[in-house]
Structures are given as structure tokens and as C-alpha cells.
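Next come the structures, one after another.
Next come two complexes, and both contain subunit A; in the first it sits with subunit B, in the second with subunit C.
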Partner chain A sequence: MEIAFYILAGMAITSAILVVSLKNLVRAILALASLFLSIAGLYILLSAEFLGLVQILVYIGGVILLFLFLIMLTENLFEKSQVNLFQRITGIGLVLLLFGIFISILMKQPFQAIPKTDYSIQEIGKHLLTDYLVPFEVVSLLLLVALIGAIVIAKKEEE
Partner chain B sequence: MELLYDTGKLVRIIEGFLQDLGKNYGIPEWVLTLGIMVVVAVIIAGFIAVNTLILVLAERKVSAFIQDRLGPMRVGPWGILQTVADALKLLQKEDITPKKADRLIFFLSPIIVFAPAVMAYVAISWSPKIRVADINLGLLYIFAAGSLGTLGIILAGWSSANKWSLLGGMRSAAQIISYEVALILSVIGVIMLSGSLNLENLISCQKDCWYIVYQPLGFLLFLVSAIAETNRAPFDIVEAEQELVGGFHTEYSAMKFAMFFLGEYANVFIASAICTTLFLGGWQGIPGLPVVVPPIVWFLAKCYLIVFVIMWIRWTYPRVRVDQLMGFSWKFLIPLGFLNIGLTGLVMSWK
Partner chain C sequence: MSTTHYLVLSAILFCIGLYGVISRRNAVMVLLSIEIMLCSAGLNFACFSTIYNPSGQIFALFIIVVGAAEVACGLAIFFLSARLSETIDLDKFNLLKG
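The block that comes next holds the complex of A and B.
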């Protein structure tokens, strides 16, 4: 089990570095897909199978496909870099800030083994419709609003 | 022969043999596990290859039958060795990569199409206890594996540096995203009835009555969406020869082309295997009748029946137009899928 963790973690870190360093956008997206895949593997290793499989289904089957779709429609995006100095400095500053926050949270966290819990879809379903009913409904409403918004924007451009 | 009927016993014998091997010869467990994984992978790859040869021949014979022709007749008796000769020819072809192509992605795409198809075979329940892995969320796993393959098709279209290939890849992205929704909605009725995503559980729930009786609408929706998901006619605008030369695999030759072909037929078989498992009782015989043939024969017979229906549809209906294709999924299949879920829920709460 430990070997599997190290392989997956190594894969995740390598592909994460590749995503930000590769110049070719399509190759970067392929690296992003490999990152999502290794994270799905980590979920499955933590016996959260449902989360892992949904991660593959939604992120690789949906999000990555949409990214590819957009990049193929926008030509000549690969060669020229349009980042100026100001954007570069703010980017580095924000990333360092985020990194500091993560590290400070991680240092406070007392690490311990997760108690063995039931992650079956029956349990997830029960929790979603009892304990977390309100957040669940709010999220559904948010998605509905986003969907209608997308349709309205698409309609306007057509006329 | 008896072991073919009671496959649970067969599995126990193999397990016992492997445990003895580990104890008597001191082979560590992880070596055994790794060895079994390699053997299983080779068996699955071999099955896919042989199955593709059979399906391509069947496709040509079925199309010939439907069009009142003879089909291949020259190689071997009734032409049964035709696809073997074709495969040998493909192996000898030159492997060409276009000059402007993105070489790495051009090389990777056929693998990205083929590997998930192999992954999906791991979860199928062939016969009682005969399956590679008993995955609790087997159905979801197969869908997840299926969604990985699309990535390869789009990347193949893009990396070929050919506008026809790119158009084919883009069409496949739009088509597969739309029909995946319809496909998953169509099986929710069955999941509601059985309350499980485990393929063995789904089969044992159909002991008394196959789900096609309770879910005729779900069955039809699944069949239509599965044909669209596997990019076959009448939904094969991804590789529409008259419009796109050859679609996403125009620039591919030799073994890389063969990989796309193997992936396509592997997916067709997977689609019919899921259809058999969900709606036709899997490896079980007809309820109420005595078991005459082994479960594995039942399973394969039902799978090939569905494959035949898919071929029959391909050679009967003309291709759907691109603009109609999207509308057909979003305005017709998906509302019907929701209707099916609603009706199933109503009837279940009635009881």
C-alpha cells in the first residue's frame, strides 16, 4: 500500500510541475489529466472509491475535454507569451502568500491515522439528504443559476 | 465440464493452488499478485484481439447479408480467414507520422484510446465468481474508464495537424459529452431498482425477472446512447468518410491505426456486456427454465446478440446530421431519461 502511495504521489507532483512548466498548452493539459488521475488514485487508496471515480468521470471526462475544446478553437496561443512584468510579480507574490498559508495550516495539524469509516454511496447519499441537506440544495441552486446564465449569454451573442 | 457450471468451485480450486504455491515454494505474496496481474492483462488483451477479428468478420458478413451480398468469400472457407489476413497486412504496413504533427501526443493518443478499453474489462462479471476484480462501484468504474478514452480521440485529432482530423476530434468531444449524460441517466432506473452499483449484485437481483421487463424505456435509451458513445453509425459523424476523409484517424497507419480499431471494437463489446448485465440478467439463463448450458455461454450469447443488433442498426439507418445529433440527445434522449427516472421512482414509492 505504501509503495502505491509513493508512486501516486510522485506522479501527482511530477505532473503538477509539468502543468505549469510546459510551453505547449495541449501537453500541459495532458499533464493536468495525469495529475487528476493520480489524485483519483490517492482517493481510492484512502478507500473513498466513489470520490475517486467521480473525480475521473467529471474532471477528466468533462473539464479536461472542455479545456481541450477551447484550446483547439483558439489558434496561435502556443507561441507568444503575453505575461508582463507586473503580472509576473503579483503572480509570484500571491503564490508565495498561498504557500505560506498552507504551510502554517499544515504545521498546526496534528497528523494521525483516519478512523475506518463507511464511505459507501449509501452513506454518502444519506448524509447528503439529512445532515448536509441545506448546503446540498444551495449548491444545486448555484449550478442551476450558472446553467441558466450560460444559456442567456449564449443566446445574446446569437442575435 | 462440471466446473464450467459451478464456476465458484473453479475459482476456489485456483485460489487454493496459488496459496499452496506461495506456502510450499516460499514465493512472496506480492510476486504472486504481480504475476496474476500480468497473466490477466495478457488474457484480456488476447481476448480483445481475437474478439476484434471475429467482430470485424461478423460485421462484414452481417452487412453483406443485409445488402443481399456474399461478403468476403476468398480467404479460407466462406472467407472466415479474411480478417486474419487483414491483420497480418496491417502489421506489415509502414508507420507514418506527419511532418507537422506533435510527435509525442501523436504517439500517445492510440494508447490513451486503447488502455481504458482494457481497464473496463476488469470489472465485467463473466460467470458466477469469474471476474478479475469485485469492484463495489463496478458500473461507475466502467463509465469512468469509458470517459478516459475520449481524451485519446480528441488528442489524436489535434496532434495530426490536419483540419479534417481536428474537425473529427472536435465533433467527438461534443458528441460524447452530450451522450454521456443520456447514457448515465438511462441506467439510473436500474440502479434505483437494485440499489447497487456492483455488477454481481445487479445480476443476482435479476434472478426472477430481467430488468428489461421493468425498464423497457431505459433499455432503449441505453442502447441508443451506447451506440452514440462508441461512435458507430448512425452516429459516426466523428469519422464520417464523405465529409471528413476519415475523421480523427486519417493520418494514422499500421499498428497505431489498428489500436484505434481494437479500441472501437473493444468498446462495442463492453457496451453490449454492460447492456447484458443491466437489462438481460447477465450470465443467468431464462428465469424459470432449467440451466442447460454453462453461464459463460449464456453471457457471451447475449453479448453477441446485442452486438448483432448494433450492427443491424448500423447497416439499416442513414447517418444522422451534425446539427440534428446534438438536438437528438439534449431535446429527446435526456428528457426521456428524466421521465424514466421519475416513473421508476413513482412506481417504487407506490409499492
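The block that comes next holds the complex of A and C.
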């Protein structure tokens, strides 16, 4: 079980570094797809199988498709100006500082092993419809609004 | 495996995503980096849901949904702005600059 975690974690970190450093946009999007896949594998390791499958369906099957359609429909999407070296080093320094703050807080947590939980889809569905009913309905409304908004924004103007 | 491993991985992914948001000049690349940060937050929630109750998984589900909606709207805005102006360099969108 440990080797699976380390393989998936290595794949996730490598994909994330590729996403933030590749110049070609299509390759960055494919690296993001491999990041989503490794995160789905990590969800399945945490015995959140429904969440892992929803991640694959929605993120890889929806979000990556959206990005690729955008690239198909527009031209000249490559980066023109670059950050100079001083800005890049400052950025890396700030991010490392934030990472240090995170680690100093994390290490104070007790070292708990992951138990083997068994939250079935039935239980998640029951929680969604009783405890989390209001966020569930609000999220469906949010999706409707996002759909209408995206269509209205990107529509071609009539002559 | 312990929760600390997953939390450290989530922190690493968050920081990589944050570096991507800071240092990228293309708007689509910034959206990609925001997606990395959302993934790390969801992983954090799912990790804690194994100890407490399934609320963590449900919240990670909502994060996925909101992330997808935000990407759709962001890409629509980016598409429109790329059509109206000739450049997509984020440094050139400075009409509001004082």
C-alpha cells in the first residue's frame, strides 16, 4: 500500500511541476490531465471511490475537454513575455516560505494512520439529501448560472 | 500511511499551483494553476474524512463542481477578451491602472 502512495504522489508532483513550467499550452493541459488522474488514484487509496470516479468523470472528462476546445477555437495562445530571473527567484522564495509555514503547522499534528473506512455511495447520498441538502441545491443552481453565463459571454454578436 | 503524508503532499501541490499563478503570463495557464490548488484542497478534505465523517468527501465533491463551473466561466471570459484584443499577455490588460 505504501508503494502505491509514493508512485501516485510522485506522479502528481511531477505533473504539477510540468504544468507550471511547460511553454506549450497543449502539453501543459495534458500534464494537468495526468495530475487529475493521479489525484483520483489517491482518492481511491483513501477509500473514497465515488469521489475518485467523479473526479475522473468531471475533471478529466469535462474540464480538460473545455480547455482543449478553447485551444481548438482560438489562435496565438502562447506566452510572449517572460518573467525575468529576479522575479522568478522571488516567486520561488515566497512559495518556499509559504511551504515552510505549512510544514511547521503540519508537523504539530498527531501522526494518525489512515483507517480503512467504508463510506458507501448510499451513505454519501443520504448525507447529501439530509444534512447537505441546501448546498446541494445551491450547487445545482450555480451550475445552471455558470452554463447560462458562459453561453452569454462567449456568444458571437449578431450583425 | 498516515495523514501527515497526504497533508504534506497537499501542501506541496498547493505551493506548486501558487507558483504557477504568480509566474505565468498566459491567462489559461493561470487557470490551470488554480485547478492544481483546488485539487490539493480536495485531497486535504478527503484525507481528513477518513478520520472523522464523510462530510469531507461531500465537500470535496462540491469543490469539484465549483471548480468546473469556474473554469467554464473563466474560459468564456478569456475567449471573449482574446477575440476583442489582439494579445493575451496578462501584463497588457492594464486599462484600470492608475
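Definition applied: the second predicted complex is superposed on the first by the 114 of 159 C-alpha atoms of A that agree within 3 Å, B and C clash if a C-alpha of one lies under 4 Å from a C-alpha of the other, contacts with A are read in each partner's own complex, and residues count from 1 in each chain.
One rule holds in what follows: a residue touches a chain if its C-beta (ideal position, glycine included) is under 8 Å from a C-beta of that chain, and two chains touch if they have at least 3 such contacts.
Computed from a prediction, not measured in an experiment: that's the story for all the values here.
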In the superposed arrangement, which partner chain does A:Val26 touch: subunit B (first), subunit C (second), both, or neither?
first
When both partners are placed on the shared chain, which of subunit B and subunit C touches more of subunit A
C
Should A:Ile103 be classified as contacting the first partner (subunit B), the second (subunit C), both, or neither?
second
Looking at A:Phe50 after the superposition, I want to know if it touches subunit B, subunit C, both of them or none. Which is it: first, second, both, neither?
both
Touching partner for A:Leu70 - first (subunit B), second (subunit C), both, neither
second
Quick check for you: in the superposed arrangement, does A:Ile121 touch first (subunit B), second (subunit C), both or neither?
first
For A:Gly62, decide between first (touching subunit B), second (touching subunit C), both and neither.
both
Kindly classify A:Asn84 by the partners it touches after superposition: subunit B alone (first), subunit C alone (second), both, or neither?
neither
Note: overlapping subunit A surface for subunit B and subunit C spans 50, 54, 62, 66, 73
Touching residues (chain side subunit A, partner subunit B) in the complex:
24, 26-27, 30, 33, 49-50, 53-54, 56-57, 60-62, 64-66, 68-69, 72-73, 120-122
Listed in rising order, the residues of subunit C that touch subunit A in the complex are 1-9, 11-20, 22-26, 28-29, 31-33, 35-36, 39, 42-43, 46-47, 49-51, 54-55, 57-58, 60-62, 64-73, 75-80, 82-83, 87-89, 91
Which of the residues in subunit B end up touching subunit A in this complex?
102, 104-105, 108, 135-137, 140-141, 143-144, 147-148, 150-151, 154-155, 158-159, 166, 169-170, 173-174, 176-177, 180, 195, 197
So, in the complex, the side of subunit A touching subunit C is made of residues 1-2, 5, 9, 12-13, 16-17, 19-20, 25, 28-29, 32, 35-36, 39, 42-43, 45-48, 50-51, 54-55, 58-59, 62-63, 66-67, 70, 73-74, 76-83, 87-88, 91-92, 94-96, 98-99, 102-103, 106-107, 109, 111-115, 117, 119, 123-124, 127-128, 131-132, 135, 139, 142-143, 145-147, 149-151, 153-154
